[in-house]
Every structure is written in structure tokens, then in C-alpha cells.
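Questions regarding the structure given below will be posed in turn.
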Amino acid sequence: MLQKIMMSGIGGQGILFSGICIAWAAMEEGQYVTYLPSYGAEMRGGITSCTIALSDEEIASPVASSPDYLVIMDNQSLLRLQNQTVSGGEVFINSNMVTDRPVRGDIEVLEIPVNDIAKNSVGIRYANMVMLGAFVGRTRLVKPVTILDNMAAILGKGKDRFKAANIEALKAGIDYFSQGGGRA
Amino acid sequence: MKKIFGRPASLKANPFHYCPGCGHSILHRLVAEVIDEMDIRGHTIGIPPAGCAVLAYNYFDVDMVESAHGRGCAIATGVKRARPDCLVFTYQGDGDISAIGTAETLHAANRGELITSIFVNNAVYGMTGGQMAPTTMLGQKTSTSPYGRRAKVEGYPLKITDLIANLPGAAYVVRTSLATPAKVNATKKAIRKGFEIQRQGLGYALIEVLSPCPTNWKLSSVESFKYLEDVMEKEFVPGVLKDITKEKA
Amino acid sequence: MAVNGMITIDKSLCKACELCISVCPEGAIQLSDEINPKGYHPAEFIKERCKGCSLCALMCPEVAIEVYRER
Amino acid sequence: MSANKVLMKGTDAIAEAAIQAGCRCYFGYPITPQNEIPEYMSRRMDEVGGVFLQGESEIASINMVHGAAATGARAMTSSSSPGISLKQEGLSFLAAQEIPAVIVNIVRGGPGLGNIAPSQGDYYQATRGGGHGDYRMPVFAPASIQELYDITMESFDIADIYRTPVMIIGDGMMGQMMEPIVKHAQPPADLPPKDYILTGAQGRPSRILRSLILHPPEMEEHNWKLKRKYDLMRQTLPRHEEYMIDDAKMVVVAYGTAARIAKGAVKRARAEGLKVGLMRPITLWPFPDEAVAAIAKKAKLFLVFEMSTGQMIDDVKLAMSGGVECEFYGRPGGVVPAPQEIQRIIERHWLQKEL
Amino acid sequence: MSANKVLMKGTDAIAEAAIQAGCRCYFGYPITPQNEIPEYMSRRMDEVGGVFLQGESEIASINMVHGAAATGARAMTSSSSPGISLKQEGLSFLAAQEIPAVIVNIVRGGPGLGNIAPSQGDYYQATRGGGHGDYRMPVFAPASIQELYDITMESFDIADIYRTPVMIIGDGMMGQMMEPIVKHAQPPADLPPKDYILTGAQGRPSRILRSLILHPPEMEEHNWKLKRKYDLMRQTLPRHEEYMIDDAKMVVVAYGTAARIAKGAVKRARAEGLKVGLMRPITLWPFPDEAVAAIAKKAKLFLVFEMSTGQMIDDVKLAMSGGVECEFYGRPGGVVPAPQEIQRIIERHWLQKEL
Amino acid sequence: MKKIFGRPASLKANPFHYCPGCGHSILHRLVAEVIDEMDIRGHTIGIPPAGCAVLAYNYFDVDMVESAHGRGCAIATGVKRARPDCLVFTYQGDGDISAIGTAETLHAANRGELITSIFVNNAVYGMTGGQMAPTTMLGQKTSTSPYGRRAKVEGYPLKITDLIANLPGAAYVVRTSLATPAKVNATKKAIRKGFEIQRQGLGYALIEVLSPCPTNWKLSSVESFKYLEDVMEKEFVPGVLKDITKEKA
Amino acid sequence: MLQKIMMSGIGGQGILFSGICIAWAAMEEGQYVTYLPSYGAEMRGGITSCTIALSDEEIASPVASSPDYLVIMDNQSLLRLQNQTVSGGEVFINSNMVTDRPVRGDIEVLEIPVNDIAKNSVGIRYANMVMLGAFVGRTRLVKPVTILDNMAAILGKGKDRFKAANIEALKAGIDYFSQGGGRA
Amino acid sequence: MAVNGMITIDKSLCKACELCISVCPEGAIQLSDEINPKGYHPAEFIKERCKGCSLCALMCPEVAIEVYRER
């Protein structure tokens, strides 16, 4: 079955890396996967986003006209993307940064105080990993452990020093829903 | 109280697409102010570059024709020769004017074309994501000089402005900076002079403006203005390289 | 010493580059806590101090600042 | 017949026709075999108060044309094969910004430096847009000095009417050959007002000429808009000459220099009693598809003759969409065969096909 | 499945494959959306002791490639549409002097500055030789990151075997997309000795690499020699992928990004019970004519889908030479349609033609 | 008696296609003599221009690769970077090196490419029939400056050699003339020095050689050599513009 | 009927102008005519030549693979072109400059001491006009008088000062055969 | 004063540019009356005078001159 995830935030929020983590894990788990970042002039100043497609068969288009999942780190991203999700889709929102709320009633909204959680663990810089943890922790589109196990590889050589913090933040995010967060 | 500073009329209302703290934005305002003060909006034709300023026509409220990357001075030559009555200026980045556009720039200057070039030197290819430019500093790391620019391999920072000052066709050649309010004012004066030189039919005018690219320099806006003054101005020393109105005097 | 200047900042244009703050001799500008539509904490004017010297406006990339002065 | 005729060489005919058509801006760079065009312009523009400027390169020249034409001036450049390759980016920009201009390519032998002899090796480049992106431009291939003169003149009108660059293709033989021609002034045409040109924004909103359209849906609309324009040209511009077609069982298709030779061959074959005709495309783009299709209904065999290894033959095949048989004969590299040679080819195929 | 797979983006896959293929000279100039290639090379060449140099322009870059390849080095450059237009003269020279090189074009929206979104508007330029003169070059259009990697590698062998420039075409989506791929070393190939390269004439007669051939008969012979080489490639190089063709009444023809989307559409249509298949040309030149012709014998309808206003459709029509009907659907300007959209088009034609 | 002057070994037996009294012919001999004397025929790679010297490979008995017009320095860069062990030189006319090739030449020099350029300045486009060149003298009539070159319209004679002397990447920059036997000898010395500079890895070397084009100057051979000395050398003054081996000393 | 003439000499011998005179006269006489000079690199140093085609109907090719008439001003030209003439063609030779003689027996050779005649009239510089006069005087492909009448126009503006001499030399050439020159 | 030099001129290469003649300090070269295959009157060496200074050869574009000298 084909699943498409769109993640979006302000440049520098590290959302692209979060997306790569999902793609990498999917690869490790033997799924078909494509990862497509927004690129070029789009980036200037504003928002960066990426689309991950997961499937058990060859993937035709890496583009998502109507993603099944939305991961939103800031308000602009919400305004731009909220109408794109499929009906019944899930929208993960960083409630600390996103002031508005989706107007549609046909999608499930999950609010995560990403910044707060990040602050309480390894720091605000890792907010994107907290969000990633919360996302995979709940959706299980890829196994959280797969990401944890491959963090070093995903970070790539010369980046080991960031490994611990990333894992830390990731775990904090994973725990969020398992500890009954969200709609509670 | 009375308003002593506001948006120039020749600058359209559109908010800039440039990054926070980008020198292009400041420079755009200066050019618009000069156009207002000289009251030439009605007969000015501008040529934006391929570069971050490719959208300059969204900001300057004058007739503008987009150029292929680096060909600004050739297009300006065609415009000016066909319409000698218009004031014609090119707005170009360092890559545009001194890499791919080297020949067009040098020869327009050598012909003494009655055009004015505003050359924004930010030591990188901004639009394409911070690759090495002819003006990149020795040792400066960019996305295509990851080990820092090495004189032996990538050559030295190219000072096309200095070269052009040697050409008889060039009437006014100056290098300024945006590092401080005073220098911003000096830059504006230079632009005005560059336009007047053209109106007086004296020859080619080139205004090089040292300008920050916080995004690709990976510095905060304030830091990047400091870098501009402390580092870049040491290699690219501001000053009037040529002014035939002075020489004559 | 009496106020003899003031500025207005169009917060919707501001990109929080802080250049105005860095050059204001009177420290009359600071970043506010609010977030503007662009996602920045825009600069805000602190009354009292301004001398109307225009340095902030000269440096403001976004042409977000207007300056007023008595006489 | 000699009534006010003058003996003129092809390059001079092109240049003078441009002057007569009101071209007052010429920018070009020397390259054989078309140097006589800039040389003629360097003398003549001064006389008519126009602009002649030798650019520092072909790239500079096409961009100077871009600038001059953007202000509404009738502008032109000329070059030969390698120089035309260098103008491809500029041509793409002219097409994208919809700026009228006339570009002359006196084709030489290629690829590479090749030689300066007559060749038709640039057909693809001219008709398929050697530049990037989805664009086309009208391409004319005159076959006599008079036609060079007339079509050069007309090209400036077509460029203005459709807001497009127009290319005129010749070769060293066309450029150097002298023939008697009748010089005449530009016939009147009703042209659309140039409401897009840059003249300074005095008393009106400022204007922009651009091709950067970052938003894909807008870019797509621009592409379709251009496509509609090209479709319109496909209806209005195709032009060709037919010679002894009516009862022809075999039809030779050739353009430019090759067509002149082919015509001689057809005459000779007719003298031998062979029912052969000539179809000469005058516009290479848009290609005279319908004419070819119509002929394909009657004729039994096409023989495409090009001074290349075969390029126009694609368009002939596309136009006749199957049906008739289509043979090819090519002489690339600058060899100009005699009509007798083509006659032999005609006769050989005639016999083989038992026509 | 994940056996030693890595997640790689298209541009990096191209660059790394080149390194693995022994490419030690890269010359290029920045342009979106392919900057990651020079950026990757600027890091990697240093590691493998190769040469990375950012030219002062695309023209300088292709000529640096010319120089390096003339000495026998495996050399490469990459750019995007406007930059590729500027390389046309250089490409013509490489073809004429028969110098192997690999050129990558990550196509963007055009004409002009256009935009940086995925587009297929440069098909004509690539396959018809945007440069001057009678030449061709192999053009590959991969449709996955693994294919980008494999074909880039192979391109260097093909370039050496046929002494020809080889072009690889992609678009921003192909370049930016990440997919898992298996990295591997260059498979062995037996390559002809490079007895023409310039290494200094020590102990042997001096060598010349040139394209100027002033004497027409010689030039003609050179043109025919090249033609024979191209004909050979036409036999050996054509490559394509067929998907659900056997019982297909309707066949979609698409390449690169468009083919991926079309495949998704075909799957969906099949699920609806429509007998539709996909023909994906992998080589754009030489075009897989025979494959198309064979399919044309069985299928009732072709639907050509391009992210342009229609260019490859010429080759499809030329290949099927009449017979089957051929419809076109295009989305130029950078709009990447969803498979659902193409599915709707398929279904509409299916119904109209009552297949 | 013993032979003290004859044909250099690195010069093929082919008679020159050049016009009577053409400077290219003399210069070819000098280059071949230097190659012989330095004994580098076996590892020299030359790049001829598009110009009258396009057929130089018919005369120099070394490996040569033809260049597109003006791109000599870019091709030479590719050759040299791929084969640092070879001695690489370009042979270019004024149009080739300083009109269409301006950017390639300047940037190669600025990178300090280890190549040597021999620049034949005859003030016209010889091969194409005597059109105006960047180096055409003010007032000089050519087939595209029929009224004589006018500074205001066609610009001033361009001295790319002077410009390049300002670039840090350039190690040796000199202008010589073929006007007299003594100057011919001096030219040969300059070429040798230019090759040695490359071998020592010091940087880019440029030898501009003032050379007659009797055909397009419409002068007899002897007159054209006189014109060279009496007129052209006044505008293009021979001399060493840069020599870092001297500076260092 | 189609007639092709090929004229050849060393650059500067003015043979191209002679050819233009014929073409111009043919035009004035209402014939179809093409004139094609050799061009470009061919010219460097050596020989220049031109081909004139005259006919009462449209002319297909301005090129002459086997000209009906050859006009030869120097030896090199003879060596290069002698084999090209049609059998039965006529070859006009400047006997003062051409040392060899055609080897073929199937062509008619006409020798004219062009330089001598020129010297005795207006000077060696006008040798080409002498040859032209001899050629048209004998072949009458165009009427000599047509050339004489149009000399000013053919020379073009600003060249009047050369008119007299050209006509003088032309006449000298025309007289040659009429006064029984040639094989005599 | 005794001859101490001589030159040979390859007449087939000579293009009669007269540069050798113009530089020869001894006037030892002149154009001959014969016409070479290229159509030029080639230069010829006038014995007796030559000093073997090589100036002629230095200037000869066609490398047509070889110079010999005693000791």
C-alpha cells in the first residue's frame, strides 16, 4: 500500500533531515521509498518541505498531490498545506509554533508541544527529531528502532557527535503518544 | 513631526524576496532614491541579472528587460544604441558581471558605452546556493570550494573593477561598501554620479558595491556586515578608481 | 532631553535582521515577542529615546522604517 | 526584362533588403561565408543613420539585438553555423520574451569548424530549436537572390506580427552568387502596435520583458500560449514552390541551393520523358505539411535531396504520414553536385521502381 | 532487499557513478537544479586525486572538457537547459573531432530563463543536435536513481567505444529525489585503445585532433564516416522498457519522470480492467524505432505523454510510420501531474476510441 | 662552410599557406626553434586558434588539438590539468584571444594556469578578410570600419596584455615585435622565457607579438614591417609588462 | 541555351571584375545570368576564379563542373582547370604569363599576348580588361558595346576615374581577334 | 675583403616578399626574373658579398634561406 508523508517547516528547522530518517529506515526495512525535497528558489528565505513515499511496490511519483500525513512545524506551512491532505488524513502540528489550527473537519489533528519537549530534553535545536519521534511513534510507518539503530549511518561520517542528542530527542518524541499525549 | 525618511516612489510596493539582511535590498532602495531625485523614472531602462536580483523588475518601477546570465552589458549596449535618449543601467552580481559576463562587460567598458553598471559583489553565487565566485576570498569556504579557495587551484579573487579602470572607455569607476550607514550614503552618491556621468555622455560608469550575503556566508545579518567591513574591504578596498571629471579638472 | 524624533516600523515587512538595532545610537529599537506572518519577531520602536537620525532607516533592507522629526 | 535591374550578390541583397525594411540596428561578428553582410552594413548604416556595431562575439551580438529589439527597433544579426550555435541561448530568450528579430545563417560545412563550402547541415538546429525549451521560429530558405531580397524584407514584418525571431537560411553559394534583381521598397503591411516595447515609462506604467516564470502553472500557461502562436503560424506561414508536379509520378523534394540543382535535374529528366516534379519548401518551419500530404496522394515516389546526410527527410516523412515511398540522396560537406548527377539518381530510382 | 543499499539523491548518484567509472576530470558552472553535481565533485575529486574546476562559464567548461578528453582523460560536465544551449558549439566540436565525453543536462522549464521545475522541453535539442552540422550523440533518459547511477557509469564506456559525446538527460525531480540504490564498481568492458589521444609526441609521429576540413570531398567523406558510425549506434544502442505491453490495445509512450508517472497510471488503468501498457524509451537517440514499430503492429492506439508541448512524438510517429493512431498529452512548464490524471486521460481515449 | 642557419626540426616540411611577408610564418619558425632548443617536442601540446593560424598543426611537429574560436585558454586548461607533465601552449590571434575569447583568456590568467599563450597581434581579423579587431588602431580603415576606427563608436584599441599584467596569476607578460631582425631575436627569447616560466610552475605566461598582415593592411611586405615599427609600436609599446622572476630577485 | 564561362587568375589580376562585366552585360541584354566567385580561404595567397552562367532560361546551378569556355591568366590556373573544359570548349590563354600549354587535343586554344597589348595601351594593370575584350570580341556571348556602354555603372559610384582606362584596354582586347590575332 | 659567408635560397618556397633583401646589409640578394611554380619571382643570392650575418634568414617568413659561414 502507498503512503505519502509531507513534512514542512521554516528553513533550518531540520525537517529535511527528519524526512531522510524516515526514508532511510524504510529502506532498511525493505520497503520501496522515495524522498523528494523542495529545492531551488523556493527555498529562498521561507519554507522548506519534503515528501516521502512508502510502498510495498515500485513507486510511480515521488510527488504528493494529496499526502496521507502532514507534519507541520510552523504556521506558514500549515496555511500553505492544510488543504492538500486527503480526507481522513492525519496532521501532526508543532503546537508551540503553529498559532492557527486546520479549519477542515475531515482530518485528524495531532498537536505536539514539540519545542517544550525539546527544551526539556536536549534542547530546542532538536525539535525536528522530537517531532519525528512523535510521528513514527504513533504511525509506525517505520519502526522507531530502525531509525535509532541507523542514526550513525544516517548522520554520515564526521557527525557522530550529534548522534546522542538526536537519539535523545527522538526518544522523547516517541514517548509522547505512548504516554497518552496528544488529544489528552 | 514631519516625515524625513520613507519609501522612494520608484520602488514598487512589493516586499523584497531577499533573505533577511541582504545587501540587495538596501541597494535597491538607493537606486530607487537616485531615480527619484534625478526625476528620471520616465526615461530609464534597467537590465536585471541572472542572480538573486533576477526579480529586480518586481521592485524598480521603470522599464526593464531581463538578461541572459552575464549578458547585461551587451543587452544594455543594444538598448542604449537604439535609444540614446534613455538612461540605461545594468544591475549585476559578481558571477554575472565578472565570470560568464567578463567579455561583455570589458568590451562595453572599452567601447565607452554610455551605460551605468551597478555591480553587487557579495563574493559568492547567491542565487544558486553559495558556490565560489570570481570574487570569493582566498580561504573562503563555499559549496564548490569546500576546502577554502586556494590561489594555486582556483586562482585569486578577481577584481574586474580594477581592470576596467584601466580602459580609456571607462569614465567613472568606483568601489563602495554597504557596511555602515555612512558607507550606504557614499554608495548612493556614487550611483548618482554614475548616472550623471552617463547623462553627460562621458563614458562607461561602473559602481562596485560590496554587499553581504548572510545566507551563504552562514553569518547573522549583523555579523555579515561586520565581516564586510573587517575582512572583505581589506581585499576589495573601497575608493574611486577612476573619475575623468576629476582628471580633467 | 526632549524627544525630537520618532520612527514607524512596518512589522509585516520586517525580517528581524536587527541591523536597525545594531546601528541605533540611542538603543531605541528592539525585537518584539510577537511573530509576524513571515514568522519573524519584528523590530519594535521604543519611544522616548529617538533622535530622528535615520541611521536605522538607512540600513533597513526591507524599507520597513519611516522616520519623523520635529522641525 | 532588365528594367531597373541590378546585379547583386546574396549577402548584399540580404543587407540592403534589411535596410529597406527599416532595419536600423545590426550587430554581428565576422565569420566566413557571410562577412559581406556586416561589411555592407558597416558602410550602409552610417548612410541611413542606423546602428552598425561589430560585437565582441556572436553571443554579444545576439544579446545586443535583444536589447535593441526590446526598445522596438528592427534589429538583425547574421552569422554562420558555429556562430549560430553560440546564439542558441539568445534565440531561446528572444522566443521566450517574444521579441521580434531577424537572424541570418549562411550555413557552412560542419560539424565543428568544418569548412566554408555550401551545406545544409543546420536544418535540424534551425527547425527544432537548437536552443533549450519548447519554442519554434519561422525559418525561410530562399533559392535565388531575388527571393533572398524579398524574404529578408518580409521577415521583419513576420517577426513583428508574431513577435518572434525569424531565421533566414542560406549557404556560401547563395551568399556569394550574383544575380540580377529588382530592388523595391517595403510593401505596406498592417502591423500590430508595439505596446510592449521599452521606451522609458514616461506617463505610463513601467513595462517588463522577462522569461523567468517560477510558478509552474504560470509557466505552463506561457508554454501553451506560445504553442497556440506556433499553431497559428503553422496555418498561415507555410510556403513552397511546385514545379511540374501535376502529372508527376516522382517528386523531388529539396530546398535552397539543392532545389536549384534539383530543378535543373527535373528539367533534364522531363526532356527524357520522365514524369518528375519538384517540391521546394520555402519555409522549413513551419514545414509545408499539407502540400507534401497532397502530393503524396498523387505521386508514387518521393526523392528527398539534401546537401547533408539527411535531416529534412524527417519532416517529409512526418508530413506524408506513410503512404508513398521516400528515397534519399545526400551530398554533405560542401560538394555541389551538377544537375546531371541528380538526374542520374532520378533515372535510377525511376527504373528501379518501374514507374 | 536492503543488502548494502544506500539512500542517494539523483545528482549525487550521477557524480559518484562518474567517479566509479574513472572520471577524473570534471568541469562545470553552477545552475539550478544541478548544482549538487559540481558541489559533490568539488569534495570528491580531491579525495580521489582528480580534477574539479568550476569554469568561468558553461562555454569554458565544455572546452575544458574538450581539452582534458583530448588527452585521454574521462571527462564530464553538467548543466541545465540555458547552460546546455551555450555548450552547443562545444558539443559540435566534440562530435566532429570524435572526442569522448559525458554531458549531463538536468533539464528545467524553458524557453529562456523559464524556471527550475521538472521539464522535458529539451528533447529536440538533445536528439537533433542543437549544435551546427550533421552530427548525433547518444542520449540517455534514466527514470530511477539506480538507473541514473548505472547509465552514467556505462556512458563513459559508450563514449570511449564510439568516440562520441554522450548526453544524460534528467530533470529537477530526478536530480533531487532520493531512492535506495546499490552502489557498485564499473563492470569490465573491452575498450578500443585510445590511439588518437594527445600525450606529447615522444617516440611517435605527432598527432592532430581537428575538425577543419576545407576540401569538400574530404569533408563529405568525414560526414559519411560519422554517418556510418551513427548508423552502427542505431543498431547497437537503442534501449527501452516495456510494461504490460503483450496484450495492450493502448500503449503509453513516455520517458524519464513522465514514464514513472505513466507507469503508475497504467497500473491504475489495468486495475480498472483496461488493457494498457507502457513503452519507455531509455535511449532518446538512437530512438528505439524497431520496438515502437513492433508494438505498432499489435496495439490500436499510442498515447505519447511528455512534460512539454510535444517533441518525442515526432520520433514515435517516424518509428511507427503511419498505421496506428497516435494521441498526445503534454504538461509543460514544470507541472508534475499525478498518475490519476494520466489515468483519466487514458480512460478518456479508451472510451472515445471504443477500445 | 658550416651551416649556421636552417629549418628547425620541429617545423614540418610543409610550405606555409600564409601570404607573402606574413608574421605568422616568422613566428612559427621561432616557436619551433625554441621547442628544438628546449628539446621538448616529445611532451609539448599545442592549441591553434580559429584564425589564419588555424592550420598551425600542419607546421608544428607536436601534438595539437584544434580549438573553437577564442576558447584556446579553456582547452589548454583542460589539457594541462589532465596532463600536468606536458608543456601546453596556445597560439592565438587578437580576435581570438581578446574578442570572443576575452573571458577564457582572463580567467585562465587569473587562475595562474600553467600554460603559455602566444598572442599574434596584427590589428585585424586576418583569416576572415580584414575586419576590425579589438586591437585595430584608431582611424585604421578595415572592412568593418570603413570610415576608420572611431573611439566614440567602436571604442579604443584593447590592450588585453596590459590588463593581464595586473592579474596575480600571471607570471610573465611581455609584448614584442617582429619589425626587425633584432626584435625577431628578442621575440624568440621571450617565447623561450614563457615556456620556461611554465616549466618552473610559476604561473601563466603571455607573449604578445606585434605582427604584420600585409594583405589586409594593403601594404607591401616591406612597407608593412615599417608600419609595424613606425605606427603600431607607438600604440602597442613593446616591453616586459610583468616578470615575477625579476620581482622576486 | 546554357553557356558557362570560368575565368581564373592570380589574386589582383582583376579577373573577378572581368567576370562581373560579362554578367552585367548579360543582364542588360535580358539574358538569365549567374556569377559565382571563388571565396573565403581558397583566396588566401593563390588563385581567384569565377564562373559565369548565361542562358535564355532560368539557371539551375551557378557552378560549372565542365565550363564551355575557360579564361586563363596564369600558369597555375591552367594546370588546375585545363581538364575541366568540355570537349570542344575554347580556352583563352594569356600567352605572356602562361608558360605551359593545354595537353588535350579536343579543345580549341586561343593565345592572347595580354600583357603586351595592355602595356601598349593603358598599362599592365588593365590586363584583365584586355583579356575580357578579346574574349567577348571573339565569342560575342555578350555584345562588347553593352559592356562599354555600362562601364560607369559596373564600376560603381566614385570610380569614374578608372572608366577611360578600362574602356581603352577593353577596346584594345576587342580589336585583337578582329584584326586577325590568335592562331595567326 | 674575402667572402666569409653564403646562403642558399629554396626558390620553390620563396614568395618574393623581399624582406631578406630589405635587411641584407651587403645587398647580396635580389629578385630573379624567373617565375616559380607559385607564380612569384623568387629571390636569388648574389655571390661575393655575403658576410653570413643571417639577418636575411631571420626575417624570411618561408624559412627558404639557409646560411653557411667559414668557421
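Lettered A, B, C, D, E, F, G and H in written order, each chain numbered from 1.
Convention: contacts are C-beta pairs under 8 Å (C-beta built on N, C-alpha and C of every residue); 3 or more make two chains touch, one makes a residue touch a chain.
As the structure is a computational prediction, the values presented were derived from the model and not from experiment.
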Practice item. Drop chain A from the picture, leave everything else in place, and list the groups of chains that still touch each other. Key: one piece
Check your understanding: So which one's got more C-beta contacts, D-F or B-C?
Key -> B-C
Practice item. Could you tell me which chain lies farthest from chain D when each chain's centre is the average position of its Cα atoms? Key: C
Review point. Could you state the distance in Å from the CA-based centre of chain B to that of chain D?
Key: 40
Review point. Which whole number of Å gives the spacing of the CA centres of chain C and chain G?
Key: 88
Check your understanding: So how far apart, in whole Å, are chain D and chain G when each is placed at the average of its C-alpha atoms?
Key -> 34
Point to revise | Per-residue multi-chain contacts in chain E, two or more chains | key: 32, 53, 56-57, 59, 82, 89, 93, 97, 112-113, 115-116, 210-212, 214, 336
Check your understanding: Among the residues of chain C, which ones contact at least 2 other chains?
Key -> 15
Review point. Of all residues in chain A, which are in touch with two or more distinct other chains?
Key: 41, 45
Review point. How about chain D: which of its residues touch chain B in the complex?
Key: 24-25, 27, 51, 53, 55-57, 59-61, 63-73, 75, 89-90, 93, 97, 198-203, 206-212
Study note, to complete from the structure: Given the complex, residues on chain D that touch chain E span 59, 81-82, 84-86, 88-89, 92-93, 95-97, 107, 109-117, 119, 121-122, 124-125, 128-135, 210-224, 226-227, 308-309, 311, 314, 317-318, 321-323, 331-336
Revision key, fill the gap. So, in the complex, the side of chain F touching chain E is made of residues 41-45, 47, 54-55, 57, 60-68, 71, 74-83, 85-86, 103-104, 107
Review point. In the complex of these two chains, what residues of chain H are touching chain G?
Key: 15, 35, 37-39
Review point. Chain C touches which residues of chain B in the complex?
Key: 1-7, 11, 15-16, 18-26, 29, 180-181, 184-185, 214, 220-222, 225
